[in-house]
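By written order: A, B, C and D. Residues from 1 in each chain.
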Amino acid sequence: MTMPLSRDQIAWRAAQDLAEGMYVNLGLGMPVRVANFAPAGEEIMFHSENGIVGVGPVASEAAADPDLTDAGSQMITLVPGAALFESSQAFAMIRGGHLDVTILGGFEVAANGDLANWDARATHKGQLVGGAMDLVTGAKSVRVMMNHTTRDGGARLLQACTLPLTGLGMVDRVYTDLAVVDVTPDGFLVRELLDGLGPDELQDRSGAELAFAEEYGVLSAPAL
Amino acid sequence: MTMPLSRDQIAWRAAQDLAEGMYVNLGLGMPVRVANFAPAGEEIMFHSENGIVGVGPVASEAAADPDLTDAGSQMITLVPGAALFESSQAFAMIRGGHLDVTILGGFEVAANGDLANWDARATHKGQLVGGAMDLVTGAKSVRVMMNHTTRDGGARLLQACTLPLTGLGMVDRVYTDLAVVDVTPDGFLVRELLDGLGPDELQDRSGAELAFAEEYGVLSAPAL
Amino acid sequence: MIDKRVATVEEALDGLGDGASVMVNGFGGAGVPVALIRGLEALPARDLTMISNSMRFIDGYGPAIFADRRVKKVIATAARSRGPDTSAFERQWLDGELQVEMVPQGTFAERMRAGGGGIPAFFTPTGAGTDLAVGKEVRRFGGEDCILEEAMVADFALIRGQRADRWGNIAFTGTQGNFGLVMAMAARTTVVEVAALETRHLAPDAIHIPGIYVERVIERADERDGRTP
Amino acid sequence: MIDKRVATVEEALDGLGDGASVMVNGFGGAGVPVALIRGLEALPARDLTMISNSMRFIDGYGPAIFADRRVKKVIATAARSRGPDTSAFERQWLDGELQVEMVPQGTFAERMRAGGGGIPAFFTPTGAGTDLAVGKEVRRFGGEDCILEEAMVADFALIRGQRADRWGNIAFTGTQGNFGLVMAMAARTTVVEVAALETRHLAPDAIHIPGIYVERVIERADERDGRTP
């Protein structure tokens, strides 16, 4: 079987579904890498919930400004056409349905589109919800990036989430290291599968029934 | 008896109760004249609900800018320290209690502080509420300027308003051409009375019982 | 390339048809999209819902909109024409041909912000106990009666600003802004006419409407001709 | 003359005593009032309610605030310290000595705007059906479950900006703004430290916090010293 996708390769795959003119919010961690692989020559406006539309690449050391950061505390640049604003405006955009796509990390996704991604039950640490609950509520399309299974091999695609929910029935698509899976009214529908991995093998690594699109594709990404 | 105060004199009297550092909204019509008589040398910041803190004098013809107007469509200037903003912010200021004083025109004020000033029942004309309901709700002190009686001699200080209400129990003080009257938990309390006008004569021109402050003053204003 | 610039008023108003709800900016004469109001007047669209602080500028710059009975409902804070005469708009209102919804001005702005910001309803003390609260849910907060107001959205928003770039970012001058931001938030299609379409981008920290809220921008000279209705 | 400038951090924080609720701006390292956090650390005030997106900057620049058990309640969207270790703040939370109220970030901002803007409560879809909605009123709007959220206010707001004038008008640079405007709206006493107190007034159309919301401004160099907690 082909190697499972690396984190950058999952980000690359998610980036292929973005198109010119979209307004997109990328979550902390793996999702922010999506910007690195956005289709060349297409203008996509990245939103950051600390008050930016038009996030550009991470700043060079020379250009770094500690007063210009993204929601993940990276010192960033702005692209031409960017706008800055305050938090209640940043979230009015999110909640009000003005973002085309949000791509978030996830712990678990359920067959009904529920997402759990905010409280890992690290019992010795405080909680961290940030803007995730707003993002899943407001964006027109909610997409999740995560490894298909936990480190111990446990399933993350489940019949019902076991961790505290971020949002109910919101997820549209999941990108994993093994597959691209849509959430439909009838449950999970596999759109792309890693070359050499059988449908049964993917099903074995999932905690809910998977359907497969009639002509599902091969999940592949360039070496990164 | 001394002549009843002119509109400018009522405005002058209302202006005497303003003090340095106050944020003040002046309603359309008579109240905007208050700014002309603000205490000299004291910095008072006038708010306009179309999005200004720091309204200055009406612009000279040379300086007039049709894109810089107050809520009454006058082309105005700004004072140093002014700020411009959009309507939802202008009303957050109002509703949120950030204005010290609002001075409005009125048709009727009741002994319990109710104000009617928005729907004159001009039956052939549409209605006009503007920002009045927000202003009476939000400002720390609500003051009304009006003639003591209607053109026909009818009372405007009433036991209960007869016209549609702008707000309930909000009015703190009324400036008329005859008197300065506070609204207290016990009803109207006259603070100042025109020289030569007897308490009984003021009572005769009022539609609710008036109390008189123990040492009520003489209402007077310079010739204007 | 993202490019929200359009060349003609026809393109700017494309899709505005029968039954459309239309927000129109403008307060005190500033921020009034005169070219777009005239463009709307030139369209055949009927059964319109007009949402604007007052009908003064719509009636003043596009008199046929009301005179030809194309409006079925008005939402405003000042639904009164200037002067003592009864306007065409007021006549239709008196004759019951046209519905008027009066909204206190702060609630008017806040309902649009809510509509554009994903807040379906909010409580406000403004108007509680008055005729404008009739039929509305009342609840006490901190000893004060408040009423429940619902979000407001529209099909189109027509706005005038000073400068725009191809991403739809808008900068106002003076008091042009007024309801422009909240209307842009609340409308499915936001159209802004500006005095100057910049070839470069606007400064990111001096933008009054972020382009994400704006679908079309058009450059038009100030058509007020010195007269304000 | 209106003059909101103060010379010392002690004056800036005058009146901040036991039991105070304190909003602290800052997100991603920008807009963090480091001098004021250090000033708060130097005060004896106890039983504080700290309201900030995360406790990271409060704990980082004023560690004694938590270490000396001066905080009784935290309201945050990210009540987690960086790194794998359990911080003093987290230890007190785990031991039940300190109460934590978790709020989704958009609701966090909106509750402060509501508090400062006279909106006692609003419905939002954010968080509906999750653990953070437990005990909250639910109502359906447009087929979507929404929860009722109440306004939030505080005694003090501590903010960092770039420029101020004597009227308290504030201009931010970059992403300093974040929660600054809504905190200034929601706090009874708003204190802003800035890099530069201008002798003239700021340009009226490029002000990010109108001075009406600001009680005190103080000029302080950037005290981050290149390190961000």
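Going forward, a contact is a pair of C-beta atoms (placed from the backbone, for glycine too) under 8 Å apart; a residue touches a chain by one contact, two chains touch by 3 or more.
Because the structure is predicted, anything quoted here is derived from the model rather than measured.
S.K.: Chains touching chain C and chain D alike, please list them.
M.R.: A, B
S.K.: Determine the set of chains touching chain B that also touch chain D.
M.R.: C
S.K.: Pick out whichever of the two, A-D or A-C, is joined by more C-beta pairs in contact.
M.R.: Answer by contact count: A-D.
S.K.: Would you kindly tell me how far, in whole Å, the mean C-alpha position of chain C lies from that of chain A?
M.R.: 36
S.K.: Between chain A and chain B, what is the separation of their C-alpha centroids in Å?
M.R.: So the centre of chain A lies 56 Å away from the centre of chain B.
S.K.: In whole angstrom, what separates the CA-based centres of chain B and chain C?
M.R.: 29
S.K.: Show the residues in chain D shared as contacts by 2 or more other chains, in ascending order.
M.R.: In chain D, the residues touching two or more other chains are 110, 113, 118-119, 124-126, 172-174, 205, 208.
S.K.: Chain A: which residues touch two or more other chains?
M.R.: In chain A, the residues touching two or more other chains are 84-85, 91, 94-95, 137-138.
S.K.: Give every touching pair of chains, nothing left out.
M.R.: In this structure, the chains touch in these pairs: A-C, A-D, B-C, B-D, C-D.
S.K.: What residues of chain B sit close enough to touch chain D in their complex?
M.R.: 20-21, 23, 43, 45, 47, 53-54, 78, 80-85, 89, 91-98, 137-138
S.K.: Okay, in this complex, where on chain D does chain B touch?
M.R.: Going by the criterion above, the answer is residues 1-2, 113, 115-119, 165-167, 169, 185, 200-202, 204-205, 207, 210-213.
S.K.: Mind pulling up the chain C residues that touch chain B in the complex?
M.R.: 27-31, 54-55, 77-81, 84, 86, 89-90, 93-94, 100, 102-107, 109-110, 112-113, 124-132, 162, 172-182, 208, 224, 228
S.K.: Would you tell me which residues of chain C are touching chain D in their complex?
M.R.: Result: residues 110, 114, 118-126, 141-142, 144, 146, 150, 172-174, 205-206, 208 of chain C touch chain D.
S.K.: Can you tell me which positions in chain B touch chain C when the two form their complex?
M.R.: 48-52, 65-74, 84-88, 90-91, 94-95, 119, 123-134, 137-138, 164-168
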